[in-house]
Amino acid sequence: MNCAAINRFLESDFPQLGGKDGGYCVVDVDSGTAVLRLMAGSQHLRPGGTVSGPTLFALADVGAYVAILAHIGPVALAVTTNLSINFLRKAGPGALLGRARILKLGKRLAVVEVAITPEGDDDPVAHAVATYSIPPRDALA
Amino acid sequence: MNCAAINRFLESDFPQLGGKDGGYCVVDVDSGTAVLRLMAGSQHLRPGGTVSGPTLFALADVGAYVAILAHIGPVALAVTTNLSINFLRKAGPGALLGRARILKLGKRLAVVEVAITPEGDDDPVAHAVATYSIPPRDALA
Amino acid sequence: MNCAAINRFLESDFPQLGGKDGGYCVVDVDSGTAVLRLMAGSQHLRPGGTVSGPTLFALADVGAYVAILAHIGPVALAVTTNLSINFLRKAGPGALLGRARILKLGKRLAVVEVAITPEGDDDPVAHAVATYSIPPRDALA
Amino acid sequence: MNCAAINRFLESDFPQLGGKDGGYCVVDVDSGTAVLRLMAGSQHLRPGGTVSGPTLFALADVGAYVAILAHIGPVALAVTTNLSINFLRKAGPGALLGRARILKLGKRLAVVEVAITPEGDDDPVAHAVATYSIPPRDALA
């Protein structure tokens, strides 16, 4: 799947992200990697103007999911089984990139790491590693 | 702080939870523990009717935060540094309880575990362990 | 499997734990739980007399493994896929208990939490959550 | 500290790694990174000839510690507070590299990621993220 196809899939299957107005957009997909961009606006901020934990969690989780989706296609509904996230420094409003990199893509489990950085800044604000369970092929028939 | 005081604090300082209409309510605080209740409604669900990952993340994170808050008071603004969550089985709409238990409450770090169960069911749908950095006392003056 | 059977299994299949002289012993198995005891001696200590990280990791990992083993038997060779451990306070030499509790025992994945305490003290020195992949039944034939 | 100085420090302060005969050696230190090499031999293997979990844990933990040590010096005794490790595929005997990369080096906390690969192979066998508490400067006087 390319970026446009994945963006259409996210809009139809993850409506809670807010579709085109929700701020999420897949901007790159490559071998073993994907980049999800979030334009963090007022709905993503806590008092004090910092991006909320659940927003960063969602960016990591969906970013990792997109990387898997790009490699095995939309029929396989991977399910998050574990996500461990470190919050490294405060993130303000504006564009954030979730750079996902597949560490393992097995038949039953996939493990993906995601570094979240402000756009144009390599210093991460958060870093996550997530595990996904991939359903058996015959369950997909 | 008792439950009522904590609920007022959450409404004023965590408006993104949605206040009284957001579905979150502290229902119990005891020595080393706290229970946060979420009435999971349509805004918390993914397609298919299961509670979303960011919703469970927020329930765990705020539940753990409440347990710390109840023990050290609202002046100390604890910051989440790490949260690791395991998703164990699908959760449907209705009341969920985030049962937080403090594993360590040190001068600089607190570690809290949270089991999330449907109300009236001891089988957890998710389990998280979170670490919070507690600011130095002189930074609070 | 009862405690004696599990201890025999550990001695034959985990010789690196040191067998009877290694200090590990399963002391209790119950519904959904298991307790592994380690008599921490000089080989488990770092300079300064505190129990080393790899020793606590091994106690958590083997304790969780024992809980699964007691419930599904030795034919199913569960493999650790993730282990997250929090070190809460220093542990000195002497008896440590790894109290394992199964959070989920599914067909493909098991999730187990382990609290490590000195014997006779409820305050944990470490806490871990581990995930195990359980091989498909037909792979065991 | 350069590689030679760190190797001397490891031999004197981490004797349980086995010193020169233990198989561990710091082979590279650079800005924000360090590489720890382990020659995995029979003492590091489980039955079946795969490198044990505690060995991979130790390689990740010490590798991350070395990266911090190289940047703040040996006076600051950083303490591991959390380590989350994913086991991705089996590792056999031979040389393993723990490639540590600092994600955050704050005044109180450092977060380091470590990818463990066989030497000459970029496909990781394990991946860990660890957090270290850094003692206050005045505690070091």
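Chains: A, B, C and D, in written order; residue numbering restarts at 1 for each.
Keep in mind that, in the parts below, a contact is a pair of C-beta atoms (placed from the backbone, for glycine too) under 8 Å apart; a residue touches a chain by one contact, two chains touch by 3 or more.
Every value quoted in this text rests on a predicted model; they were computed, and no experiment measured them.
At the interface between chain A and chain C, over half of the residue numbers involved are used by both copies, so each side presents largely the same positions. Ranking every chain by how far its Cα centroid lies from the centroid of chain B, the top place goes to D. Centre-to-centre spacing of chain B and chain C amounts to 29 Å, using the average Cα coordinate of each chain.
Rounded to whole angstrom units, the spacing between the C-alpha centres of chain B and chain D is 33. Within chain C, residues 81-82, 84, 86, 131 each touch two or more of the remaining chains.
Against chain C, the residues of chain A that register as touching in their complex are 81-82, 84, 108-109, 131, 133. Taken together, the chain C residues at the contact with chain B in this complex read 84, 86, 88-89, 103-104, 111, 113, 115, 124, 127, 129, 131.
Considering their complex, residues 13-16, 43, 45-47, 52-55, 57-58, 61, 79-87 of chain C touch chain D.
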